[in-house]
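Across the two complexes that follow, chain A remains constant while its partner is chain B and subsequently chain C.
For the complex of A and B:
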């Protein structure tokens, strides 16, 4: 994971994951692991910020699909923010946008999650 | 211990490794080792070079090279050859400071005892005496044990380790005592730090399955000699050309490397023959003609036929049977055939079919996996099999074989050459860039970074370039995961024009069907959370044109992205 970093913050009951670099199998695994730990701790609202993501490969995408599958069963809310044009198109193509609301920034996603 | 360097073509890493091993042996820490690789990778050259370096460059140990180079009339015939080779080299080593020429002295068996007596080597005299007594009373076992343990006894008596470099060790399975192999006797001789063995042989699969396990326990470590990287081979060709003064056309040799798959020995034999026969290999036709002549009746043919016939005394009937099996496998065009189908097709008993396949497997021509048999995936071996079948089964003459088989080879060489010269139909003004990536985690990012810069020569917008980047990442991952590239590399070629960019991702490994791979990955994944198999679909979505091509030596993926502005 030399080219990938993920940081985690809690913003008033919303868990914010900020991803950076190349999201591949190793990065995807790490995000999935952190997500599962947070769910286990009782967290229900999440933002995944892709603002500093340079590239995503298909295996990285598959881990995101796995995360979104978990949200369907457990009434969890996940928002994606700061998607580049290509990643927005990619998420649309693989059907991720059906399960997660997307926002230009974390502020807008936070405002949305506080309402729901 | 100071070991003198001598110029040697490549294999510097392996030589350094073995020189380190020699240091350990000289200090009393030697251990046995297997060196395995496919034929023609250069094991014999490496062993001989190592022996030369150790022989002349140091005194801490005595290197002895022995090769199973012929069939033996009986066990004592083998013992005699083994002892003559061993004792001559040892007696010569001890005199090396006094001799005037570097050419090895070859002793006859009768003169060995006189020389041992002259040098005051009592233990060598004893070894000879035991052998002569064993011959007289036809005591095979005693003779064999005496020969195989001689290095250890001589080393101990002289207080100087001996390193036994045993070449073509696969043939040991053909040296038998009343129908049983002699590996059991050899186990008496191994495991000694006084006389460790470096066993070298081929083919790897056959040795790992049939020979190496019989030497243990404890199991002997195995080192695999990797084929030389293509770049180093190209460098070697230049050296060979200089040595043999053959003006081999560079483009031909490069095309041919794809088929040789790193088997240097084949190329060396071919060039050697070229030197004898022709001053140049200036055309595809000339090259192919020479290659096929060499397979039919030249050095390459002898190389393979020795493997197949020399170590086993195959009678003509059995020989014809083997050719019939090869013919059936040739017809299957590379697919594995169930052994039971082979039996039925040629009307064989199960036992005959199994023993024949074992012989062919030992010769390195076929592979057997769980009851299914197929020809080895190597272009040169496959060509040789076709030559054998045409020559012996269909009784075709050389000219006809060259004409018919040659046409196909010429065509594929011309195609390879054409692709090398014109990688893209994008026009004369296109710019070409290429990259060679090691198959390593995240090395696809290097290709993407290069693409970022290369894309500046086009007028593609940022979104389009991003799509090419994403597709390139997927293509590199696919090639790395599924090709099993023999050179562990991915080649990426970019062709750019203002209005378009073409990317070709090539691996020189096992050709794979990307659609089948994708289907298998999706099938094998958890249906609720599919982790794999999306790459190809993404590439097809992102690029304007996508084309796969399964080549003889791997897979090529062409992708084109055109500028929206030009449409």
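For the complex of A and C:
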């Protein structure tokens, strides 16, 4: 199922990825690829907005684990925003929340990243 | 373990089962399977390898965490191969087993890049067919016994996918071999029939290549009529063998320069029945080849031989062979008469429509000739055989006029 979309914006030195649809097949690889390209370009602060994500399975989680793995190596800051209750619990269960701060909205995440 | 975690694992198992039994390509299935394992256990790096029995190595099927240019094979020291073949179950790479230490040291680039922690041998029916290698968990914690149980379950699905792929590949090799064998048999079959046709024609010093031309003309007519390739193949073979019964006819009668006596003509006529008898003993994939040989001298008006069949009593194939045979006979030099010109032949055929030849078959044949003159066909099959300089405009007009009259 290729019902997944990712868009990328730069908000004053913070890269914002907005995800949409189903993060449940190899199509989700795009978000990890875009993240790694941004890191190569020197970006250090990221927000991943899950507000329009309908479903995440283990394949989707594997790409987010890949992102978190890169984060740990290069002292990058990543925030997750607009997580539904079920995805919040999922990220907690698979350990992703240990490596990314979570916020209800992009605005709050942006404010946090400007301070750190 | 809480229900949420169990649900997550079961969802992955269910999705993996669906993936490995889907009709997607193998590469996609294996990559998807790897990501399912990594996502379920929160591992960032890992790879799936297939065992190559003949080369003492493992080939990379899918990986996460490797870089472009990294090796795509794992070298397999003999002691490691023996160890993994002994059904050791999941094993740690950081242990002190010499079989694994040697394995690690033989493949430093891949294993360092993967930060390999755990190996999961893949087995189907007791046969070791591959290996999953995993890096550390995201939080660097040890793999729990539940993690290992999950890996065994997921690994079982992946092993089956690799095993099925191997069976499919082996089957494809066999299918290709069989196809080649069938093709070779086909060549032998074609060559045999052509050689047989040449032997028939050789009996008559005037009819060299006759059977081959009749076969070509019959196929051209059938094609113009829109018949299927399998039927055209039958026409081709029938064209080559339609005169096979002539082997029972005395060579002197076949080559006689004067008109035949009634007795001699009766003997000539017998070639149709003899041909039928000979061809009926051969199991052709096309059922009416013997009948086409038997009835190719029948006429629509019932005045042909050997059975005096009329109209629809004669098969389509026999009617087509009849026209092809008559056309070649008229345009060839014979011991007892000179050949007719192309124009004369067409007029003769036209005169015999509904007497000897069926209207729609003549129309199809004339259409083929017209297209050949107009250069509309990829390859000319009839006109080059005529060996005659003719006025194309005259012939074209005659063909057009006849087609118009018949339509």
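Basically, the second predicted complex is superposed on the first by the 113 of 116 C-alpha atoms of A that agree within 3 Å, B and C clash if a C-alpha of one lies under 4 Å from a C-alpha of the other, contacts with A are read in each partner's own complex, and residues count from 1 in each chain.
In this section, a contact is a pair of C-beta atoms (placed from the backbone, for glycine too) under 8 Å apart; a residue touches a chain by one contact, two chains touch by 3 or more.
Since the model is a prediction, treat every value here as computed from it, not as a measurement.
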item	value
Chain A as common anchor, with chain B and chain C clashing or fitting	clash
First (chain B), second (chain C), both or neither touched by A:111	neither
Which of chain B and chain C A:65 touches, first, second, both or neither	both
Chain B versus chain C as contact partner of A:22, first or second or both or neither	first
Partner chain(s) touched by A:85 [first = chain B, second = chain C, both, neither]	first
Partner chain(s) touched by A:99 [first = chain B, second = chain C, both, neither]	second
Partner chain in contact with A:3 - chain B first, chain C second, else both or neither	first
Contacts of A:57 with chain B and chain C, given as first, second, both or neither	both
Touching partner for A:37 - first (chain B), second (chain C), both, neither	neither
Selected from 3-11, 21-29 or 417-425: the stretch of chain B that, after superposition, runs into chain C	21-29
Shared chain A surface residues [contacts with chain B and with chain C]	24-26, 57-59, 61-63, 65-66, 69, 89-90, 93-94
Chain C-facing residues of chain A, complex	24-26, 57-63, 65-66, 68-69, 89-90, 93-96, 98-99
Parts of chain C lying in touch with chain A, wherever the complex brings them together	2, 4-5, 8, 11-12, 15, 28, 31-32, 35-40, 42-45, 64-65, 137-139
Footprint of chain A on chain B - complex, ascending	441-442, 444-445, 448, 462-463, 466-467, 469-470, 473-474, 477, 528-532, 534-535, 538, 541
Chain B partner contacts - residues on chain A that touch it in the complex	2-3, 22, 24-26, 55-59, 61-63, 65-66, 69, 84-86, 89-90, 93-94
